[in-house]
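Each of the next two complexes has chain A plus one more chain, namely chain B in the first and chain C in the second.
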Partner chain A sequence: MIEILSIPPLATVQDLGRDNHWFQGLGRAGAMDPVALKLANMMLGNEAGAATLEIPLSPASFRFSEDQVFALTGAACGARLDDVPLPRYWAGLAKAGQELHIGPFQQGGRVYLAVYGGVDVPEILGSRSTQLRESFGGFEGRILRAGDILKPALTPPADFPSNGVSISLPELSQPRGETIELRALPAAEHDSFTDIALTAFWSETYRITPQSNRQGYRLHGPELTRDHVGELRSHGIIPGIVQVPGGGQPIIQLADSATMGGYPKIAAVISADLWRLGQALPGDSLRFVQTDLDGARSAERDMQELFSTLANDCKAMKRLQQGWR
Partner chain B sequence: MTSEDLDQLVTAMRANAVSSLLVEAPDLTLRLVLPADSVAPMATAPTVVAKPAQISAKSPGIGTYAPRGLDDGLEPIVIGQSVASGEVLGYVALGSARQTVCAPIAGTLTGDLPEAGRITGYGDTLLTLEPSS
Partner chain C sequence: MQIETSRLSMLGSHAVLFTPDCPFDLAHQQRIWAIADTAANWPDVREAIPGMTNLTLLFNDIPQDLDALSSQLDAAWDSGMSKLVEGTLLEVGIHYGGEGGPHLEDVADMTGLSVQDVIRLHSEAEYTVYAVGSHAGYCYLGGLDPRLETPRRKVPLTSLPGGSLSLAGMQTGVSASAGPSGWNTIGTADVKFFDPLRSPASLLRPGDRIKFNPLAVTP
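Our next item is the complex of A and B:
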């Protein structure tokens, strides 16, 4: 068991989300940074989409009431197990009574805390993610708070490396202060925007405003106007869709996206790049880079190849360990 | 205070080369002075400089050594630095997977830092520490 001693607002239990209920008006939910979630689970040997904690702010503290293995990924956060500093992207052992402290984020905007077998919460409609708008899933359908007790789904294995394991990654996210590049496809109403708007959209930078959350990020940058005005019928929307409301400032729909929306859609960020937004913070700058379906598929394959390489390296390391046990 | 107590004090003064002693208590003040020639010179113990114990931080696996502080959000380590027991000092990497090299005790790093990329086997000494006193 893990007791939450303190936790900032908006921390939730998330997995990869529930994808099959759009037609019922139920959004996906799920991790804002699915890459970090999968990496945490990979280091523990969990299923890729096991439920983890998503922590969007610092600080947070936890106490382990029994020996446990856990993993931390996502933002570098000055984590400490009692007084021992922990690396970013790390999985290892905690002894009963030890406390985990998560400090200020140095790079990135979300930390994922995974436990062996995943966080043991009920699977509802095919997922353990917290559906905040509908108040179900995850931990009692709500954000986490101090005093909550989280249970790992499985007992930790006796052969987990006592020193802990880590992974080295290619530079996935831009260092703080650099512009985040998001590959995107033109969406349904793309061509209804003026040439000036389209040139600005695909070349200028936009800043993430504080009016941003798991549902979407409101951006600030060059105003985008359309040649045609007038009301649109509502259409289905998904995470990654970039809408432009009347004020001309875009909104990117994210993990807790609604399923329908009536604002004109200028673009759709490809799914392989959405995790970058999960690690972005208000004030960060981003730029849209136009791609096509082939580009989107290629980006997806690159991501799959990265995970395949990481998984093979982890397996090879485990095989070698077993050789001298 | 009895005469036996007094004898013990005088014996202890001679044995420890103490020529003057003042004892003050609520109901007693006692000053003892011994002639200089009645006090044995104190035997000088041979100076023994004990070499501090060296504890090794060993490789947890086969691979190449990767220092901490490059991409892990931690500060690089330096010789002379104090570290906590269990603290990550570096990594042994096999491809992208890494096992952590941890401090087996709390102490101060001594010796040389291993070279990044050094090929290492299971149990090889990578770093040494002097235990904290």
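Our next item is the complex of A and C:
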């Protein structure tokens, strides 16, 4: 068991999300940074989409009631196991009674804490993700709080490398203060915006405002106006769609996105880049870079290649360590 | 990738929106239901979801050939095929106005009607569920009296309680859970439109009908 000693609001249990219920109006939920979630599971040898904790604010602390293995990925957070500092992107052993402390984020916006076999919560409608709006899934359908006790789905293996497993991610971190680049496709109402708006949208930076959460990020930057206006009939929307309400400031829908909406859509961030928003914080700036489906395919291939490289690194490291015993 | 004149647009790298230029009525919505059923069987389409006289397709992989997809959808739409649904009728009691309907007077102002006429026109109609979406179990309804057409609010409300009855454009509906909304809210209802432990979880599906009955008037 892992007891939550302290945790700020908005931490939840998430997996890769709930597919195939869009027709009932049920969004996907799932990790805001699916890359970090998959890496955490990979380092433990879990299934790629096992349920983990998603922690969007710190500090937080946990106590292990018996020997466990766990993995931490995502934001750089000065994590310590008792007094021992842990590398970013690390998986390893905790002894019964040890405490894990997550400190202020130095880089990134969400930490993923994975346990062996995934967090043991019921699968509902095909997923273990927390559906915050509908209050089900995850841990009792709600955000986590101090005193909650989380159970790993499996007993840890006896041969997990005693020194832990860590990986380095040259491509996956964005120094704080640097503009996040998001590759995006023009969406249905793109051409109805003024030339000035389109030039601004594709070249200037937008800041993530504090009115941002798992549903979506409200941005602030050059106002986007349309040549012709009029109410749209409601239509499907998905995470990554960039809508522009009458106020002229864009909103990016994210993991807890609605399934339908009616605001004009200027662009759509490709799936392969959504994780970058999962690691972004209010105040960070971002820029949209226009791409096409070939660009989206190549981004997806790059991500797959990175994963297979890291998976091999992980296996090699475990073999090495197990050989040392 | 030139799809400017097409009815097809991108919602993401793995999703498209098909928007035929057509009147907003039940006959055309029945054609959307029909092509949704057809497209759901195409290889690689994960889900085909009707919107309001439009269709969203979600794909497992990034679509390879948008032109071919566009032609397929055009052909399906132009065939005129239609799906008739023998839906159920749900009667819903509504408290119009008061705390739960903060924009009732705004709607009266925007439409030039009296509050009483807004309530009367809204509750006299029988609505058809055109689409289910936005949030779980939420029903987009067709059948709103054109005299009740209003613009969406410029700044969406960050949270509106479940059971809120709202309208915007030519659309109206009751929220199934608390969440943000850009519509004008004119009343409240007490109905469980979505229950994850019920099968199916969503109470209504496209083709079902709703009638609103005024419970009390708090102008």
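Note that in this section the second predicted complex is superposed on the first by the 315 of 325 C-alpha atoms of A that agree within 3 Å, B and C clash if a C-alpha of one lies under 4 Å from a C-alpha of the other, contacts with A are read in each partner's own complex, and residues count from 1 in each chain.
Simple rule for what comes next: contacts are C-beta pairs under 8 Å (C-beta built on N, C-alpha and C of every residue); 3 or more make two chains touch, one makes a residue touch a chain.
Since the model is a prediction, treat every value here as computed from it, not as a measurement.
Annotation for the three-chain superposition on chain A: chain B and chain C fit side by side. In the superposed model, A:57 makes contact with neither chain B nor chain C.
Of the two partner chains placed by superposition, only chain C is touched by A:271; chain B is not.
In the overlay built on the shared chain, the residue A:22 is in contact with chain C alone; chain B does not reach it. When both complexes are overlaid on chain A, the residue A:85 reaches chain B alone and has no touch with chain C. Once the two complexes are laid over each other on the shared chain, residue contacts for A:76 go to chain B alone; chain C is not touched.
The superposition of the two structures on chain A yields an angle of 160 degrees at the Cα centre of chain A, opening toward chain B and chain C, reported in steps of 10. Of the two partner chains placed around the shared chain by superposition, neither chain B nor chain C is touched by A:153.
Annotation for chain A, partner touching more residues between chain B and chain C: C.
Shared-chain residue A:233: touches chain C; no touch with chain B.
When the two structures are aligned on the shared chain, A:309 is found in touch with chain B, with no touch to chain C.
Nearest C-alpha atoms belonging to chain B and chain C sit 28 Å apart in the superposition, given in whole angstrom.
The intersection of chain A residues touching chain B with those touching chain C, taken from the two complexes, is empty.
Partner chain B is touched in their complex by these residues of chain A: 76-78, 81, 83-90, 92, 106-107, 161-169, 171, 309-310, 312-314, 316-317, 320-321, 324.
Only residues 19-27, 124-125, 131, 133-137, 185-188, 191, 211, 215, 231-241, 245-247, 258-263, 265, 268-272, 292-293, 296-297, 300 of chain A touch chain C when the two sit together in their complex. Across the interface of their complex, chain A is touched by residues 1, 4, 9-15, 17, 19, 24, 46-47, 49, 51-56, 58, 62-63, 66, 131-138, 140, 151-152, 154-156, 158, 168-171, 176-180, 182, 194, 196-197, 200-202 of chain C. Residues 60-63, 66, 68, 71-74, 84-88, 91, 93-102, 122 of chain B are the ones touching chain A in the complex.
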